[in-house]
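Data first, discussion second: the structure below is written as structure tokens.
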Amino acid sequence: MGAVRRLVLDTLKPHTPNIIEFAKQISELPGVDSVNISIYEIDRKVENAKITIEGPDIKYSSVESLIRELGGTIHSIDEAVAGKSIIDDASTLQD
Amino acid sequence: MGAVRRLVLDTLKPHTPNIIEFAKQISELPGVDSVNISIYEIDRKVENAKITIEGPDIKYSSVESLIRELGGTIHSIDEAVAGKSIIDDASTLQD
Amino acid sequence: MGAVRRLVLDTLKPHTPNIIEFAKQISELPGVDSVNISIYEIDRKVENAKITIEGPDIKYSSVESLIRELGGTIHSIDEAVAGKSIIDDASTLQD
Amino acid sequence: MGAVRRLVLDTLKPHTPNIIEFAKQISELPGVDSVNISIYEIDRKVENAKITIEGPDIKYSSVESLIRELGGTIHSIDEAVAGKSIIDDASTLQD
Amino acid sequence: MGAVRRLVLDTLKPHTPNIIEFAKQISELPGVDSVNISIYEIDRKVENAKITIEGPDIKYSSVESLIRELGGTIHSIDEAVAGKSIIDDASTLQD
Amino acid sequence: MGAVRRLVLDTLKPHTPNIIEFAKQISELPGVDSVNISIYEIDRKVENAKITIEGPDIKYSSVESLIRELGGTIHSIDEAVAGKSIIDDASTLQD
Amino acid sequence: MGAVRRLVLDTLKPHTPNIIEFAKQISELPGVDSVNISIYEIDRKVENAKITIEGPDIKYSSVESLIRELGGTIHSIDEAVAGKSIIDDASTLQD
């Protein structure tokens, strides 16, 4: 209970190491099962990457440290899911 | 019967504590299984967060107290589901 | 046979009692399993709520009485499903 | 073989009896399992309703008689499905 | 092998016999399981109907004869599926 | 391993033989299970057809020969899938 | 753990060898199960291909070498998935 099951992070990173290296290393953190990294903008020096992390007990502090070590910065935490299972946000008539 | 199974709340919160902390704490409330928090607007001082809560018997008063304790305010309750199971709103020709 | 399985109602209600209270009370009516209430417009004094009700044998008259007791009014019945099971309207080339 | 499994009818009806009554009565016809009635336009005196009927052996003539008895008129038959099972129209590159 | 499993036909037909009669009769042809007929345009004298036919071994010549006998004409064959099972066209980046 | 599992071809063909004949004959090639042919443009003399072929071990050379024998030409190969199973292209933030 | 499960590559390639040959050869690399190649732009001399690769343990360096040997160039790595299973990027309110 209270376990973090999914995080979606908006990040900025240099081209090297590439997103394959980022995904591999994040997926090796304790409490993490799988990582999807998608590029949504590429500049000359940096790229914007959306990182989706799923696992039984994600520790944000270790994710944050690792991304910083690899040269990236977290712009914002766009989504967080905690509890017994992963649920999406329910689409409402207000969306 | 009469149990609240899903709530969707439109909230305003300061940046700290972050949505991970919010999601973890709400998911620990009795009657709550899972929590999804998604940011849809970020300001210099505050952020707008859509909170989706699912569980067998959600108590709104304890959700409300906890969000207030954490520094957030509930703008509106956008969706409420009660009864034997969670159902979405049926899409109609009037939507 | 002939049982009403789903109703979608367009309603107007005061802010109090809130939609959680509405959903809980409607879900307790005999013949009702689950209730989804979604707000699609909020005014200073009232709010427009779309109410989706599912169950094995929904009695419209008791739904109507309860909503009136709670201070709401039914604008229109947008969808009704009756029979052995719930079916959606089939999407056609005329839609 | 040759059994009608689904009909979609575009109808015009007075406000009374309401679509709940229509759905209940149509769902009681022999060969009918379930009925979905959705309103897509409301006028001062009449409303346009899309009626979707599913069942193992729908008899159009009895559906037509019943709708007429209840004060409604069938504008057009928008879709008909016959045979061993219900299939949707296949979406093609010409649609 | 080589069996025709699905056909989508664009047809023009008089209002009588209606699409229910068309669907029933086509569904009784050997090698046909199910038929969906959807109207996409109605004129004063004729209507355009999209006919989707599925079955283990559809014979186009008998479908064509039957439609002609019933007063309809086939404008075009919009889709044909043959082989071991029904597959849709794969959506590509060129669509 | 290395088996071709799906091909999507953009082709030009005369009206005769029709796409039913094309689909039947291609579906009879060794290594082919099912064929979907959809028309997306019709001219006075020719028609553009999108051909989707699925099977355990599709031989492009025999598909190409057969289409040429039947009077068609392959404009382009829009999609090719090889390996243990059929996968779609993953939708990314760059699409 | 740390295994690369999916890669999406944006590539430029000459017309020959065609994407069928590319897909077959990439699908034979160790750690690769299936490959989808979709063309999204065709020029006189070259074509842009989106390559989706899935497998239990994809080695990017061997994918890169093979594509180069076949005359192609990788423009960018658009998506990388690593860990226990393939996950898509979660759609958020920020997308």
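Which chain is which? They are A, B, C, D, E, F and G, in the order written, and residues in each are numbered from 1.
Everything below uses one rule, namely that a contact is a pair of C-beta atoms (placed from the backbone, for glycine too) under 8 Å apart; a residue touches a chain by one contact, two chains touch by 3 or more.
Note that the coordinates shown come from a computational prediction; the quantities given were computed from them, not determined experimentally.
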Subject >> Neighbouring chains common to chain D and chain F, by label >> reply: E
Subject >> Least hop count linking chain C to chain F through chains in contact >> reply: 2
Original post:
Between chain A and chain E, what is the gap in Å from one C-alpha centre to the other?
Top reply: 49
Subject >> Intercentroid distance (Cα basis), chain B paired with chain A, Å >> reply: 22
**OP:** Find every residue in chain G that makes contact with two or more other chains and list them.
**Re:** 38-39, 50, 76, 78-79, 88-89, 92-94
Original post:
Touch graph across the chains, line, ring, star, complete or other?
Top reply: other
Subject >> Every chain pair meeting the contact rule >> reply: A-B, A-C, A-F, A-G, B-C, B-D, B-G, C-D, C-E, D-E, D-F, E-F, E-G, F-G
Original post:
So in the complex, which bits of chain B are touching chain A?
Top reply: 6, 8, 10, 18-20, 22-28, 32-39, 42, 50, 52, 54, 76, 78-79, 88-89, 95
Original post:
Once bound in the complex, which stretches of chain D touch chain F?
Top reply: 92-94
Original post:
Once bound in the complex, which stretches of chain B touch chain C?
Top reply: 1-5, 7, 60, 76-94
Subject >> Touching residues on chain D, where the partner in the complex is chain B >> reply: 38-40, 50
